[in-house]
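What follows is chain A paired twice: with chain B in the first complex and chain C in the second.
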Partner chain A sequence: MRNLVIEPTSKTPKVILNADLGIFEITGRSIPEDAIGFYRKVLDWIEEYSKSPLSETVFKFQLEYFNTSSSKCLLDIFRKLERMHKNGNKVQIRWHYDSDDEDMAETGQDYQALLDVPFELVPV
Partner chain B sequence: MKDEYFVEETAFLEEARARAERGGLPPHEWREAYAKLVENYESLLKVVQVLTHQATQLESKLEKARAQLELQRKALSHEVEGLERQVQYQQREVHKKAQERDILYDRMGRTRMMLIVLFAVLLVIVAFVAYYIFIDTEQMIRFVKSVRGLD
Partner chain C sequence: MSMTYSYYKNMQLNNIIFVYQGEVTADLVSSILQMVENKLEGEGEDRKVKKRVFNVMVECLQNVYHHLDALPPTDPSNPVRDKTALLMIGREEKDYYIITGNHVLNDRIPDLKARLDRINRSSKEELKQLYQEVLTGTGFSEKGTAGLGMIDIARKSGQRLGYDFHPVNEKYSFFSLEARVSRIPEK
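Let's turn to the complex of A and B:
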């Protein structure tokens, strides 16, 4: 399947979804007005990928700031990864956050509590 | 309003509503459907809790940023007032210095004119003396004698 790379802008994060190299990451800030429009491609890509995933999928998230609608889209991504996990695939989510940013750590904890998938909090 | 963020949840709700309206399900299927509805409701409630928490965090961050901006605006406003006062003071100083310079130029002009007149007078005297010493010496001798009373 084709890899998906989206370069960052002042309002959208960098997205690298490379099944060949096993790199899955979303980094930067996410405050688009049309979050669903931005994340649609990502969600579709994951949906396609989930049909024949790698033996292990480690998804890295390192967001410095995001709006509420992006948060819902992230939850949709997490739900897809959770479904992959429930289907017997090895999936891990790594939530990287600035060690000084308590809010982002708390947000990671919120997601962790909500999901039934390995979810690691990584302070950087 | 069409909500694109809760498409799956809306579709599930529509399905549950349609099933309830149709009716005629055996009791165990009702239980299953009800259990699924409760599961989805629980999941949705957790999502709402997370989103509400995050929205509150964002509002709090925005409020802090707004308060900080207000403080900076006040500090800048204070700085601008100080700078305006300084500019006004400097303008007054420049005006004062310009007046002093004009007065000085005026004095220098008068002094220059006096010096020119003085120099001209001196030149006339020197020319007069030189004339009688070098050109009309006899007249000079007569003049000196008359002054000393030697005639």
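Let's turn to the complex of A and C:
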């Protein structure tokens, strides 16, 4: 399938979804007014990918800031990865955060508690 | 021109970093965020504090932006015809404060007030639970993420949200919201 690369802006993160290299990353800041519009492509890509995923999918998130509209979209992404996991695929979410950013650590823990998929908190 | 000095003194007295009155667009929100972020950066504010202020600012400003969008086109006979708002950011000795002001339909006040009061009554733990309920769609039934925004503001602020509804006419009131972020990092 086609790889998806979205370059970052002051309000949206860098997205790399590359099934050839096994790189799945969302990094930077995610504070768009229209988060649903931004994440639609990402969600569609993951939906398509989940039909025949690699033997292992490690999805990296490293966000500096995100707004509450993005938080719903992130949950939608996690739900898709959770479904892949439940379907017997090897999936891991890695939530990277600045080690002195307690708020971002806490947000990661919030998601962790809501999901049934390997979800690792990685202080950087 | 004689007013300029008194505006200046007034802003200085109230520790106002930034004030804007006018139409709120996505571009404007971006510019304000950029400007205030640069200012916080330049003044060497604590990193944690800076992040919190930025986060709260994003939610407050976008709240107003979405909120105004949600207002129906106003009746031409209505005196409140514009979609303008007030955005204000200040820095006191102990806190940063972010104040927004915009018109709301009077019909919406009871719901808005109930939500704000519930948030203000909630403990840190209760806010976390409420956040998760709204995030997963089992919390207060309402469209979009406006509910989540205010809970997030309260969580990051760690202080009660200040608010006021100033009656404008039989249809509208002016809603102001104040969120404070402590400049003294915990621990």
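Assume the second predicted complex is superposed on the first by the 124 of 124 C-alpha atoms of A that agree within 3 Å, B and C clash if a C-alpha of one lies under 4 Å from a C-alpha of the other, contacts with A are read in each partner's own complex, and residues count from 1 in each chain.
Please note the rule applied: a residue touches a chain if its C-beta (ideal position, glycine included) is under 8 Å from a C-beta of that chain, and two chains touch if they have at least 3 such contacts.
Note that the structure is a prediction, hence the values are computed from the model and not measured.
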Clash or fit (per the criteria above) of chain B with chain C on chain A: clash
Which superposed partner A:L114 touches (first chain B, second chain C, both, neither): both
Partner chain(s) touched by A:D100 [first = chain B, second = chain C, both, neither]: second
Chain B versus chain C as contact partner of A:T12, first or second or both or neither: neither
Contacts of A:Q62 with chain B and chain C, given as first, second, both or neither: neither
Which superposed partner A:L75 touches (first chain B, second chain C, both, neither): both
Partner chain(s) touched by A:E33 [first = chain B, second = chain C, both, neither]: second
Chain B/chain C common contact set on chain A: 67-69, 71-72, 75, 103, 106, 110, 113-114
Touch list for chain B against partner chain A, complex: 4-6, 46-47, 50-51, 53-55, 57-58, 61
Sites on chain A touched by chain C in the complex: 10-11, 31, 33, 65, 67-69, 71-72, 75, 100-103, 106, 110, 113-114
Residues of chain C that touch chain A when the two form their complex: 26, 29-30, 33-34, 47-48, 51-52, 54-55, 58-59, 62, 65-66, 128, 131-132, 135-136, 144-145, 148-149, 152, 156
Touching residues on chain A, where the partner in the complex is chain B: 35-36, 67-69, 71-73, 75, 103, 106-107, 110-111, 113-114
